[in-house]
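Each structure below is given as structure tokens.
Two complexes are shown next, each including chain A; its partner changes from chain B in the first to chain C in the second.
Here is the complex of A and B:
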């Protein structure tokens, strides 16, 4: 029996086609029916236009696109013998605003997708206003972001060589005040304990004892048996380098180096359905990316402990992403404190961009995993631009022999509802997937 | 030199660049009576959703005084005299009686993100929370067939009364196959036409829905167009910008709720209350422009001192929008506040003509064209072009003035 299901929410839509055997999902394919042609649009434009066009690939992770575009152009500089110098202040600001974008993504996903779906699954209805909590927290995060980036979504404040903003002491104090407000909100609503205590938890039992929304999340996920299903390859890949992530892969609990050159694209596998997405693979193999991958590779104690008991179940996946909010809040606080305002925001490149030719790759960790921008410039004009987004990894639609991570996780589910929830744990971002 | 000064003076005081903020007592008295009657009518209707405005205000710790402050600011934004403040406040409370259907077509969902309180002052957000969003493809709980049923029901139940908000462009290439709706496979074009048929008015939100936006950027791979190229027989309001400012979405809904009419529009169908000014007119860096003080290179002394970004390619002088007043993310900041110029994201073709860091001399900017000539008030078009020329004169004049001052100093 074949059933097709449309999955919508937040960032566009996807179609999942399920095949059932003996009342269990035996296979599923994923299709993304919308297309804009962003790579074609970027062709033949001045390189700096990428800083305006690429953030508009996505309304929820556009800042990651901006950062990747800037890193890609900077990599062209480096590859042609003119490496750019970036001041620690500019580095810190970039990473701060990126982290804030991750935080707001995680909040929206948690409160607008996970809680409503999960409460439906365990038949424990939540109030309409509950969903708005995520929006409130996300708006606090984007306010801090906007102090340095001007606006969210769709800022273009990063440029090759640094950032355009020149914050004053007043700005950083204001940012710290808002960040503290967000941390206090997080402690009050999500954990019931202080951020520091939460970051020192190391056992799953402690998670169950939490009083806030995180405690409820733990209970509901267990009630829905999410710690016993949703298993994928247990194979992870991180490609972006930041204070909160290091490029590595993890196979069979062993973490080893990665080389972004090994990333390839393959055509998707669907049956009688059009899709504009391409699958992203590492050494021709599917890998899971995103918060769980980052936590496993970083060796975060709580997530490692959780993984030992529940492997890469849906429970682990959701808990890892929720926990990353705390890690990033702490990271933002440290970054804000580290900023030395007397440093330059921008250091001029030794070569004009209009005379720059060559290839470059920019990689950042976006909310859902690694985001790659590959660019070829000819005298400052874009000859070729390629985007590989996180959801092309996780939501790849592979053949029955090599299903993508989300496909694999859905196989064996008892019902469409459970399979759909498993899918949502990876988080759909269809506008990025097809771009 | 004096010719230039005269030219600038003439340009900035010409009748065409004026916005009529005072239409006379009789007009406002009549409007007031009409609005009152309309609000009474609305009051009799049952609210379409469960969220209560007063409760939400209380939950968020906003007292009556603060709310009335917001109401008077919003009244001013809508270019209405202060006597309308209590009516605006009443209209805000009854936001849950304005049925809104929200379609998401070819886009990045950035405007939905904005709707999700990504920005906008706090009370605006609460107003957005309680608008009776009868159908929103990305935010609602239902999906697939269930969602389609909900849409059908909402359109039938609020026939002729709902506001249709559209986010995203309409891909016309390949018979519309670059974007189709869920299970039915209906193209975005057909979907839009069907949903607009019984709408009271259509509101295009964001630059994709208004002018085609980034998807329509050269070479326009999917043949993307804006709503006004598709919908011709309906009142249409454009709220461009990338993303559109939630304050302006609220303004349009409030205005409709209050008066039952679309607000006064400019030549590109943009509400004048939001798009009647240029970024440049109210820019916090305007004084530096007048003094001929420009950022010449990223990170230079000018950049550190918040000088004018015109020479770095700022399109503020060519761009009509209220960002310099409303700002973004709960009025925390805006692009020029962090030292990057305006990219003109609320103007047609910004993606091809305005772009980034291309000073205006190199930006091939001309007056907006493309599918709107027929509806265009010629005056508006002429004004935009004239403003561009005027600015160039002005920039040259102020640059000269700036130099003169400097040389004066060196003599001393």
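Here is the complex of A and C:
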């Protein structure tokens, strides 16, 4: 029996076709019906326009697109023999604002998607105002981001050679005040213990003892048996290099090097249904990307411990992502304190962009995993632009022989409700997937 | 308690940026108390999009995000049918963002078919042409406070006066230039030599559209804290019908004179005034604002 289900309340919409055998999901295909042709919009435009256009790929992770676009153009400079110098200050600001975008995304996903769906599954209704907690926390994070980037969403403040802003300590002090407020809110609402104590947890037992929303999340996920399902390949890939992530892959608990040149695209597999998303693979194999992948590869003690017992279950996936909020909050605090404002924000490239030709690749870790921008410039004009987004990895629609990570995770689910929750745990974003 | 106004938030060809920008609005609890969301992509809603698509309901306010493509389907239903049904019954139609207002970024996906709700750039086109119910809140994305203002004015039964492009005058009579922290550099024609400084005006080289763009970004700050020009980025003119233009980080000049001059000022007046201002050298404006940081 095949049942088609529209998945709403995600970024955009998706259609999932479930095949049931013996009252369990035996296979599922994923289709994304909308396409905007971002790569074509970029064609024949001056390179710098990519910094305005690519953030508009996605309303929730546009800042990641901006960072990937800047890295792609800087990589064209480097490949043409003119590597750009970026000041540590500009590097730190870029990483700070990227981290803040990840934080806002995680908060919204947790409170506006996961909690409402989970409370429905375990029949424990939550108040509307509870969901607004996600928007509140996200808006505090974007406020800090906007102090440096001017606004969120859709800032264009990263440019080849640095950043456009020139903050004073008045700005960083204000940012620290707001970040402290967000951390205090996080401690009060989510954990009931200090951020520092939380970051030192190394056993899953401690999670269920937490008094805040994280404690409830742990209990609800277990009540819904999420620690016993949603298993995928247990194979992970990180491609973006940052203070919070290192490019590597992890197969059978072994972490080894990666080379982004091994990333390939394959046509999606669907039945009688049009989809615009291509599957992203590493050495022709599906890999899971995103917070769980980053935590496994970084060897975060709590997540490693959790993974030993519950492997890549939906429980692990959700807990890893929620825990990344804490890791990133701490990372932001360290970054903010490290910034030296006497350094330049921007170092002018020696070569004019209008005389720049060649290819470049920019990779960052976006909220859901690696985001790649590939650009070919001809005298500063975009000849070719290609995007590979994190959701093309996780939400790939493969054949029954090689299903994508989310497809595989849904197999074995007892009901469509369970399967769609499993799907949402990957944080579905249709606008990035098809772009 | 007054019955809540029924608000429906639909999406066309979009990046969801207006949804996410509005989630930054500091008074969302007021919004949830005052409006019943029949459907919203993320906020608590009465119905699913599939239920809304049956056209069995009616709303007081239709908010539409994204460009309009009559051939588009959402959850398997014609967008044209759904938009007409709800738009025709609504008391107000709000175009949230530049795509819904003028076609914006995603008009470029298919310029022949895609438009805004009542405009194709500046030209009247789309499902609600010359419709007095239409309010355009252009901007890429929408500013949360601008949406908050509009919804509260509607809830309080106060009139919203609009300009010829259907944008509320109280929000769009200002220029992005108003309140810019670089205004003095503009007055005395001191350019910013390069990006990454708080000094200098971005109008002469870096492509800033502030003096030509109707938007209150430097009056009502973004995320309550800043704006593009305050963060050293040029204004890209994202509230205007011609957004996105090309070559957005560079000022188009003819014989080193900016091609476009501030709104409503003749080129001759501008050049006369600029020539005089530029002839003075003002050391205070030519050096760093705070000298111990350099």
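Heads up, the rule we're going with is that the second predicted complex is superposed on the first by the 434 of 435 C-alpha atoms of A that agree within 3 Å, B and C clash if a C-alpha of one lies under 4 Å from a C-alpha of the other, contacts with A are read in each partner's own complex, and residues count from 1 in each chain.
Just so it is clear, contacts are C-beta pairs under 8 Å (C-beta built on N, C-alpha and C of every residue); 3 or more make two chains touch, one makes a residue touch a chain.
Since the structure is predicted, the reported quantities are computational estimates derived from the model, not experimental observations.
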| item | value |
| --- | --- |
| Fit-or-clash call for chain B and chain C when the two complexes are aligned on chain A | clash |
| Touching partner for A:195 - first (chain B), second (chain C), both, neither | neither |
| Touched partner set for A:143, first chain B, second chain C, both or neither | both |
| A:72 touches, of chain B and chain C: first, second, both or neither? | neither |
| Partner chain(s) touched by A:96 [first = chain B, second = chain C, both, neither] | neither |
| Touching partner for A:56 - first (chain B), second (chain C), both, neither | both |
| Partner chain(s) touched by A:274 [first = chain B, second = chain C, both, neither] | first |
| Chain A positions touched by chain B in one structure and by chain C in the second | 6, 8-9, 11-13, 15, 33-34, 36-37, 40-41, 45-46, 48-49, 51-53, 56-60, 62, 108, 112, 116, 128-129, 132, 135-136, 138-139, 142-143, 145-157, 159, 161-166, 344-346, 348, 431 |
| Residues of chain A that touch chain B when the two form their complex | 4-13, 15, 33-38, 40-41, 43, 45-46, 48-49, 51-53, 56-60, 62, 104, 108, 112, 116, 120, 128-129, 132, 135-136, 138-139, 142-143, 145-157, 159, 161-166, 274, 276, 344-348, 431 |
| Chain A-touching residues of chain B, taken from the complex the two chains share | 49-51, 56, 59, 104, 106-114, 116-119, 125, 129, 137-139, 141, 143-145, 147, 171, 177-180, 182-183, 213-215, 217-222, 224, 242-243, 297-299, 303-304, 306, 328-330, 332-340, 343, 345, 351, 355-358 |
| Residue numbers on chain C that touch chain A, as the complex places them | 11, 13-21, 23-26, 28-29, 32, 41-44, 48-50, 72-76, 105-106, 108-110, 140-141, 194-198, 217, 222-233, 236, 238, 244, 246-250, 290, 293-294 |
| Residues of chain A that touch chain C when the two form their complex | 6, 8-9, 11-13, 15, 33-34, 36-37, 40-41, 45-46, 48-49, 51-53, 56-60, 62, 90, 108, 112-113, 116, 128-129, 131-132, 135-136, 138-139, 142-143, 145-157, 159, 161-166, 168, 174, 341-342, 344-346, 348, 431 |
